[in-house]
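One structure is given below, encoded as structure tokens.
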Amino acid sequence: MGKDVVADLKRDYISKLLAKGARADGRQLDELRPLTIETNFIGSAEGSARVTLGETQVVVGVKLILGAPFPDTPNTGVLTTNAELIPMASDTFESGPPDQESIEVARVIDRGIREGHAVDMTKLCIEPGKEVWIMFVDVHVLDYDGNLFDAANIAANAAFKTAIVPAKRAGKGEDYPLPVLHQPISITVVKIDGKILLDPTHDEERVADARLTVATIETGNLCAMQKGLAGAFTLEEVSKVVDMSKRIGAEIRSKL
Amino acid sequence: MGGAPTDLKLIDENGLRIDGRRPDEMRPLKIEAGVLKRADGSAYVEWGLNKVMAAVYGPRECHPRHLQNPDRALVQCRYNMASFSVDDRKRPGPDRRSHEISKITSEALTHVVFTEYFPRTSIDVYIEVLQANAGTRCAGLTAASVALADAGVPMRDLVASCAAGKVADTMVLDLGKEEDNFGQADIPVGYVPRAGEIVLLQMDGDLTNEEFDKGLHMAVEACKKVYEIQRDALRRRYTAKGAATETAMPSETDVRKEAV
Amino acid sequence: MPTSDSKENTREIVVPGDLLAISSKRSGPGTYSEGGKIFASQLGIKTVRPDSISVVPLAGRYVPVTGDLVVGKIIDVGASNWLVDINSPYPSPLHVNEVPWRVEFGETRKFMQVGDIVLLKIVAVDELKRISVSMQDHGLRKLTGGMVIEVSPSKVPRVIGKNGSMIQMLKNETACRIYVGQNGRIWIDGELDNIVRAVQAIKMIEDEAHNLGLTEKVKEFLEKNSNKGA
């Protein structure tokens, strides 16, 4: 299911345009698509955001539930990230348990949040070794036109910003805002015909040789990276993307 | 369905419900058609505190292939609740309740779609509950009907859906979450207004015949109101600001055979 | 709600289930009749003609009709036919007898392969929606080069325009060869920059198909962008 019947011609078209430094939607190679962020979209979630990046639309919900900590980290809350690539969003998504795509997306977003210390997990401890808050970050894709990594990452950051820990309902004191420490922002590029394109559309992803996602925090330090697809990057290209990530990351952060 | 905690007044001295509604009053309902880009048709519904998205793909090749019907299209519906849609996070993936709702929703929609026009294909309907507050199957079916029409799937009519129930010994319309949890009966109804047909009907709880009749009638009357909101959403999709119902599409015979 | 059919089409948007008329006229596409009444079956524009009432749909997958010109893509090659995707849920076989060349059994791959884009005509659709296509007619052939985009089939009339006015304007302003298939696939060939403009113009038509004054608006857009490159 979900073969794009005219993909070959599109590949040709995208290549020809790239040879002139242009993209099918008229963007520059290092330009983001229009971005909208709506927070507190879901009342039943402790934190939420709806993000549109071009025609990609995702909703991220943050839920906090009481639970036991991991034995090796008795003083910190637990973070779990999940991504649902539901068939509603694209005819290239299938029903059923998460496939490799959705698992990779979830883990990469998780890595950015975790290693970037988006949330101070030590402040989510109720009783060391016994009870902590389990923070679920659920990514729900509604409409898919490429670059789920960044759309979901932005939505997660936006959701954290306005999330409330529901201590009262759990009988653990007063509600308090989710303790946000950093804002790890990722940018994703694809490589087509030796050129680097930021924020790929679905068409661009389908003809890309390689993909790279790089996440940075406010200080400019890197916190997560993931290379995808079967092609390769040169050292120079990786360096270029890292620089881009700091610059564009700051731009995105200012919109949160 | 159980007794309410003693301090919860589902109906007060003035006959008003916990959210201030009268027994025969529906929660506010808003519908937008054509909200997604990839799907062939889509609709977004906000009903009280419910937020539901529906999308339609098809008619298209039927998957799984062994379910293909040589004479008609299959209407395959998948109802799903997002994990963050409820207060206690729900594990992702379908559970027995979503399978049941998927089935009865498919059946309701199959009744109105001209499935015989598209043998061997599947019309896939996806319903995602993003925020739940009781009545999600009704909101889902309501949204799905609009999404099907938005996708250009030929249908006899839309299906409108609403539930009635019993709360504190009173028949009421469109249960909210507390009413659903602590009420005495729930009757979701799916209705085809033009033909006056009931295509979805469930009931659970404790009702006399009279109570059920009253509830069913309340639900059907509400479905007629829901229907008008559905139709309005579809028409609004194509009316440019100020252009009312006029559009500039050339008529069919002008251009059918021209291609080059 | 139902308008009398004495006036030429008022472009009323109707919704499935809407009563269009109480009439003995034929119920055309997008409608169905029951008990002497004609109802809409699709979301679209009510269209009244002397002998029938129909609805021009505003959305919907492509439904193949005999006589239609379509842009297809070869998705499989057999010994005596090719299987063509015509953007409908029903792939169509193109038999060796229906092409302008003499093809020996088993030699099909020499003429066309998977991925080739073709301009075809629909010659038959049976009750089970089995479709036959042909390349044997003036102008039909394999299309090489260029670019294919897809629009909703319901927007095709708008891309062609009344008496072909829109498509002619597009061709003039972009100096491109353009074939518009009834199945929503459009093949465009020309200089790259012009193809880009044509694609943008067609996307604009698709987004604003229901607005008035569109031909002028698109023409303006193309004129404004004609100095970029080329």
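The letters A, B and C name the chains in turn, as written, and every chain counts its residues from 1.
In this section, a contact is a pair of C-beta atoms (placed from the backbone, for glycine too) under 8 Å apart; a residue touches a chain by one contact, two chains touch by 3 or more.
Note that the structure is predicted; figures quoted are calculated from it, not measured.
S.K.: From the Cα centroids, identify the chain that ends up most central relative to all protein Cα atoms.
M.R.: Chain nearest the centroid of all protein C-alpha atoms: B.
S.K.: Applying the document's contact definition, name the chain pair with more C-beta pairs in contact, A-C or A-B.
M.R.: A-B
S.K.: What is the distance, in whole Å, between the centres of chain A and chain B, each centre taken as the mean of its C-alpha atoms?
M.R.: 31
S.K.: Report the inter-centroid distance (CA atoms only) between chain A and chain C in whole Å.
M.R.: Result: the chain centres lie 38 Å from each other.
S.K.: Among the residues of chain B, pick out those that touch two or more other chains and give their numbers.
M.R.: Residue numbers touching two or more other chains: 60-61.
S.K.: Touching residues of chain B toward chain C in the complex: what are they?
M.R.: 40-41, 58-61, 70, 112, 114, 117-121, 149-158, 192-194, 230-231, 234-235, 238-240, 243, 245-260
S.K.: Which positions of chain C touch chain A when the two form their complex?
M.R.: 73, 75, 85, 87, 115, 117, 146-150, 185, 192, 195-196, 199-200, 229
S.K.: Under the definition above, what is the set of chain A residues touching chain C in their complex?
M.R.: Touch residues, chain A against chain C: 5-6, 8-10, 12-13, 16-17, 20, 22, 24, 26.
S.K.: How about chain A: which of its residues touch chain B in the complex?
M.R.: Those in contact with chain B are residues 1, 41-45, 48, 55, 57, 59, 61-63, 65, 82, 84, 86-91, 95, 97, 136, 138, 140, 142-145, 169.
S.K.: Which residues of chain C touch chain B in their complex?
M.R.: Within the complex, chain C contacts chain B at residues 9-13, 15-19, 29-30, 32, 39, 41-45, 47, 49, 54, 56-61, 63, 67, 69, 89-90, 128-129, 139, 154, 156-158, 160-164, 167, 179-182, 209-214.
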